[in-house]
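This structure is in structure tokens; I'll ask about it shortly.
For clarity, chains are labelled A, B, C, D and E in written order, and residue numbers in each chain start from 1.
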Amino acid sequence: MASDTLAGIPRTDAEISGLDALEIAGREKGPSRLRRTWSATWPKLAALALAIGIWQAVVWTGWKDPWALPGPAVVFADLGHYLVSPALWDGLATTARRAAVGFAAAVAVGLLLGLAVARVKVLRAALGSMITALQTMPSIAWFPLAILLFQLSEQAIFFVVVLGAAPSVANGVIHGVDYVPPLLVRAGRNLGARGLGLYRYVIAPAALPAIVAGLKQGWAFAWRSLMAGELLVVIATRTSIGAQLTYARELNEAPRLMAIMIVILVVGLLVDSAFGAADKAIRRRWGVLDQAGN
Amino acid sequence: MASDTLAGIPRTDAEISGLDALEIAGREKGPSRLRRTWSATWPKLAALALAIGIWQAVVWTGWKDPWALPGPAVVFADLGHYLVSPALWDGLATTARRAAVGFAAAVAVGLLLGLAVARVKVLRAALGSMITALQTMPSIAWFPLAILLFQLSEQAIFFVVVLGAAPSVANGVIHGVDYVPPLLVRAGRNLGARGLGLYRYVIAPAALPAIVAGLKQGWAFAWRSLMAGELLVVIATRTSIGAQLTYARELNEAPRLMAIMIVILVVGLLVDSAFGAADKAIRRRWGVLDQAGN
Amino acid sequence: MTATTTTSRGATGSVALQGVTKVYGHGDNAVLALDGVSLDVAPGEFVCLVGASGCGKSTLLNLVAGLDRLSGGRIELGDGVNPGLMFQEPALFPWLTVDANVEVPLKLRGLPRPERRAKVAELLRTVHLADFGRKRPHQLSGGMRQRVALARTLALDTPVLLMDEPFGALDAMTRDILHDELERIWSERQLSVLFVTHNVREAARLADRIILLSSRPGRIIWSTRVDVPRPRRIDSPEIASIAAEVTDRLRTEVGRHGQ
Amino acid sequence: MTATTTTSRGATGSVALQGVTKVYGHGDNAVLALDGVSLDVAPGEFVCLVGASGCGKSTLLNLVAGLDRLSGGRIELGDGVNPGLMFQEPALFPWLTVDANVEVPLKLRGLPRPERRAKVAELLRTVHLADFGRKRPHQLSGGMRQRVALARTLALDTPVLLMDEPFGALDAMTRDILHDELERIWSERQLSVLFVTHNVREAARLADRIILLSSRPGRIIWSTRVDVPRPRRIDSPEIASIAAEVTDRLRTEVGRHGQ
Amino acid sequence: ACGDDSDAAAGSGPVTLRLGYFPNITHAPAVVGVEKGIFKEKLGSGVTLETKTFNAGPAAIEAIFSGALDATYIGPNPTVNAFSKSKGEAVRVVSGAASGGVALVVKPEITSVEQLRGKKIATPQLGNTQDVALRYWLKEKGLKTTKEGGGDVQVVPQENAQTVETFTSGAIDGAWVPEPYVSRLVNAGGKVLVDERDLWPDKKFVITNLIVSTKFLKAHPDVVKKLVEGQVAANDFVNTKPEEAQQAVSDHIGKITGKPLDVKLIKQAWPTLEFTNDPIASSLKTGLDHAVAVELTQPVDLNGLYDLTYLNEVLKAQGEPEVSQP
């Protein structure tokens, strides 16, 4: 490209790229990966150690009978047995599969519902607040309907999960679509995007961060609904975490109950970190990674 | 104020106020209140009518026995009895009181926890994802602990409610504090706000919208936890909606169960509209009321 | 008022507005934003529209771009011309890289992949951003983002460019540089440009013709040719004197709305 | 490197910087943003700092305002002087009305209510916004918001005003008007102003003295007095010629960083 | 094969029987019958058996109502609910399964009825069989209770699982509960104050019976008869090979709950239960009368609830004494 001239003064490419170089300097920096990982991990370990320490201390005081409040040693011993027993892994497999299918269904329903409500004014007025009200309906209220509709099949479980999680997902979609910057929509239209193209190239990606937030909330509801819903259909050959949790409680197996709680927490942490990674990736792409570094 | 002069051209106040008048014209407009109310209401009524219509139609097909799926007429008759019975109002009073107290406690805990985690880096690394993982812990897992700690008192119920709702509230606070524009914090500091003053004048109000969103999610969790938790302590002389819901189910009273579901939905709608109003008021103040008019 | 939509009958690159009228809202809330604006932009002409806030400059560009419906009058564009529109903010898609942003209109036109690649590279070279294709918008400075937006609009391969205060948010130095860039691209590609600005110096620096719109309702109240030879310099006395003249007219117009 | 914090010993309204150095980050990531900047602003003087992006202009103002810690050198302000800082964006609190925004610093200083009221009204009159106290920031135009921000900063009742490209985001006409306003308030209140801008014309229009900072690290490389009598007009030939000179120096400096 | 195809005419094609039960000691005949393949054997090749487990009565009744279940082992309380809520249409009791296994367990320092004054006693659910039994018994002993939990003795309805928690934490002073909770409370330091068997004629009262949906009964009487045969055979097994039965119960519960039930606990509870095919209709009726007496329910017409013709046919064929049809 030839260099331009400006009122007799030669304008060099150097000037443009000098400006560019100055403007964008120092936009990407950060400590090393290793250091980040370590500084993210040690407080978790410390918190864990502290929690177990307090628990052990309380047990040592003899405040409650050991069968009411078992100590860490007992619980971790039981957790050890549990970890090598097929009960855990079969149960986890069943529950994870149900969670995945149920959540996927909830996401599908939530996306469609959210999209419909976000785009159609009448639907929004009709269903908008109903969606949030549905979130407050406890799972057990749906059990009779679930059995009516789906008998004693796994679909009944999915039904409860979907009713629990879809509202959150839909709310995320509505929120996301509401806040798509109108400027981007108009830019998209000017570039030739219409109808589906507009959704594909502009609205969907712009709404993504809010949708992910909705999915995360939805997951919490889905998992809780699943834990309750797994009692709906107890299939003898298929043990599940939700059923085991309830039976542990019914049989007053305090150590096993706590072991299952630990498993649930670990699953929760794993799923949360997956969502966290997705969220972070999106925010990094968008350049809105907050300063708190979370 | 004397009019200024500018390179010999008299500069009038008219020019400044002319510019002002032009710039801010047409920033506030909207249809009348009555019309807004009506256009917000009729789709809800239509949706309701449609839902009841479909329900009645299904019942008329005789798809299920009337004792399994009662028709609208039966349910509304039962709802009528229920509405004039002390059972509903006493139960609602108890439950509402518990919801209020439990939610207030959850808000207090959530705010403190959220603030601590948002401001203290170590705590964030230690507890950040634990908070979300806690959301996925089903209420019944906490029951044994609740009884251990609080015996058969109402505190046991509050404990479960707080554990259900506080994580959402805390997440709202964390999100809100994270996204306080640093520019506003620096402006506040330059204006002389330090320590508590900075929180009072800048951080708290700036985080408010996200906090309200967290409260709303927290409410859904609180209410669901309460419905389950009310079975923990079925107290003398105090009937509650949660207990009635479960008893209706245990006694296979389908019409009563549905009547209670309607009551829960109505409560959910009312609370949602309260949150909606708060959210709208904040957004209007902030000038970020979205174009969708919700 | 007969609503007439945009029609396409003029020569390629020409823009003809006849009695264009635009009313927002209904009944009590109606705002007459434009009132009978007639204007011809010849192929290859650079026309600057100036006017105070709210005089309907953006409305006019949106109508020409077909993003809004006319309330009256007609707009004629060359056959099959879809004018490119640039906004004050770059309006880049933050989730796409610079390359991908520029590629969007090419994808939407259904160009095959290798052709798109080549085209994107060429456009980024045109705006001096050949090395930044893999970056994301937030990694660029404001001036660079506007250059990406320009490249994306040029990717539409249209002879008519509509620009709605595209450099309003940039600092003076960057703006000066972009004026030179825009002028170069305009003359290389023989574009017709309809350029909206608040900034009379900018208008004098760039325009073949400056058109002044009145406020509420928007009407053309004055226009002038800028016969200063190019290349021009924004600090030059000729430009300063034209700017001073337009400023005075604008101030009078603004003053009309005071107190 | 000895870290010295801001001290307060100079005359009211004066600002004295001696060998001010600022390093961001540690070790490999360290950025030397300012390197031994020495500068005196006399009471009542209007000093403009110009320089390309990232040369440390904002860093300098933040240091003077006490929002950041010095890495070396010293800054002296008048006794008890807490300089007011204005940013490029108005940084108004969106949840407060205009009145309440201006009231914040008065509240924080513990003034009683009636006194606050009177003060707010007076300040809003000063910036020609007497009728807009009950509005919220989003209901105002950009220029009006900057005037509110100015009123809020003036409410600090400080003799030293630091301004970080306060008019960068405004359109040219509004900016011209605010230049006049600022000049009037500055001379009425005998403020010392340290004004940062990218815009050399703006600097020439406003400054008693223009100081040019180099980029990376930031050092003072050139300065000039502007002896054009006030009131000035930004379109005037004298201002244009000073601006042209500063522009050339700035371009040379920018060019150093190219390719 | 699910849903309403059980309405289809009998005899055409293979029939599926969907049978429900709880993984619980009081449901031992069902558990053993499933675990040992007794039902499968008796039902023969023409009938496919699908079993479903529940952990509480309501879901089982919901399943029967919705047509998702054809028959289930269940307690007396849900039986009456299902019958009355469907106006006597939905279900029929075709056999008994177990009797006994209920007791009032209290803190060891309580040794007499009088000492219960002012104490908190738990029951599984307001208005259920045990709740009624406790209230009626207290009433007979001159102690007043109210539905709301007031009166001389505070009756606290709560889930059985929770009762063990609250008993150990000292929040309640005793509980009127079925097995295996009786044994659990005893193991947690409780003492049996009243064995409910002592309150009934012949020490017999129903704790578990077998109900079938009326629709299924009408459509497939032959299958129901085979099911009853299976029940009788299962009870034979339970009563003749208790050791094996106990192990089977433990294993089966382990399969469903993820942790086998302690065989010791089963052995401890076993003697308090009697596995009989007699549904002891009279005890159900009497229990209902008691409920009316303590004002927990309206009188219910139980006419038509029992259909014991198949049971009696089976018993007759085996030369065992028939049970009385109420």
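Methods note: contacts are C-beta pairs under 8 Å (C-beta built on N, C-alpha and C of every residue); 3 or more make two chains touch, one makes a residue touch a chain.
For each chain, UniProt lists the protein as follows: A, B = ABC transporter permease; C, D = Sulfate ABC transporter ATP-binding protein.
If you're wondering where the values come from, they're calculated on a predicted model, not measured in any experiment.
Asks: Enter the minimum step count from subunit C to subunit E; a value of 1 means the two chains touch.
Replies: Contact-graph shortest path, subunit C to subunit E, evaluates to 2.
Asks: Can you list every chain in contact with both subunit D and subunit E?
Replies: Chains touching both subunit D and subunit E: A, B.
Asks: Any chance you could check whether A-E or A-D wins on number of contacting C-beta pairs?
Replies: Counting C-beta pairs in contact for A-E and A-D gives the edge to A-E.
Asks: Please work out the Cα centroid separation of subunit B (ABC transporter permease) and subunit D, and write it as a whole number of Å.
Replies: Centres of subunit B (ABC transporter permease) and subunit D (C-alpha means) sit 43 Å apart.
Asks: Per the centroid of Cα atoms for each chain, what is the distance between subunit C and subunit D, given in Å?
Replies: Subunit C and subunit D have C-alpha centres separated by 33 Å.
Asks: Which subunit C residues reach two or more other chains?
Replies: In subunit C, the residues touching two or more other chains are 52-53, 141, 173-174, 236, 251, 254.
Asks: Could you list which residues of subunit B (ABC transporter permease) touch at least two other chains?
Replies: 13, 15-17, 19, 23, 64, 68, 143-144, 148, 249, 254
Asks: Out of subunit E, which residues touch more than one other chain, so two or more?
Replies: 62, 65-67, 159, 165, 169
Asks: What are all the chain pairs that meet the touch criterion?
Replies: So, checking each combination of chains, I get A-B, A-C, A-D, A-E, B-C, B-D, B-E, C-D as the touching pairs.
Asks: For subunit B (ABC transporter permease), which residues are in contact with subunit E within the complex?
Replies: By the definition above, subunit B (ABC transporter permease) touches subunit E via 64-65, 67-68, 143-144, 147-148, 151-152, 231-239, 247, 249-254.
Asks: Quick one: in the complex, what on subunit E touches subunit A (ABC transporter permease)?
Replies: These residues of subunit E touch subunit A (ABC transporter permease): 2-3, 18, 23, 34, 51-55, 59, 62-63, 65-69, 159-161, 164-165, 168-169, 184, 188, 255-259, 261.
Asks: Could you pull out which subunit A (ABC transporter permease) residues touch subunit B (ABC transporter permease) in their complex?
Replies: Contacts found on subunit A (ABC transporter permease): 39-44, 46-47, 64, 68-69, 118, 121-130, 132-141, 143-144, 148, 168, 174, 178-179, 182, 216-217, 219-221, 223-224, 227-228, 242, 245-246, 249, 254, 257, 260-261, 264-265, 267-269, 271-273, 275-276, 290-292, 294.
Asks: What residues on subunit A (ABC transporter permease) touch subunit D, complex-wise?
Replies: 9, 12-19, 21-23, 25-26, 29
Asks: Once bound in the complex, which stretches of subunit B (ABC transporter permease) touch subunit D?
Replies: 1, 4-7, 11, 13, 15-17, 19-20, 23-24, 27-28, 183-184, 186-193, 197, 201-202, 205-206, 208, 282, 285-288
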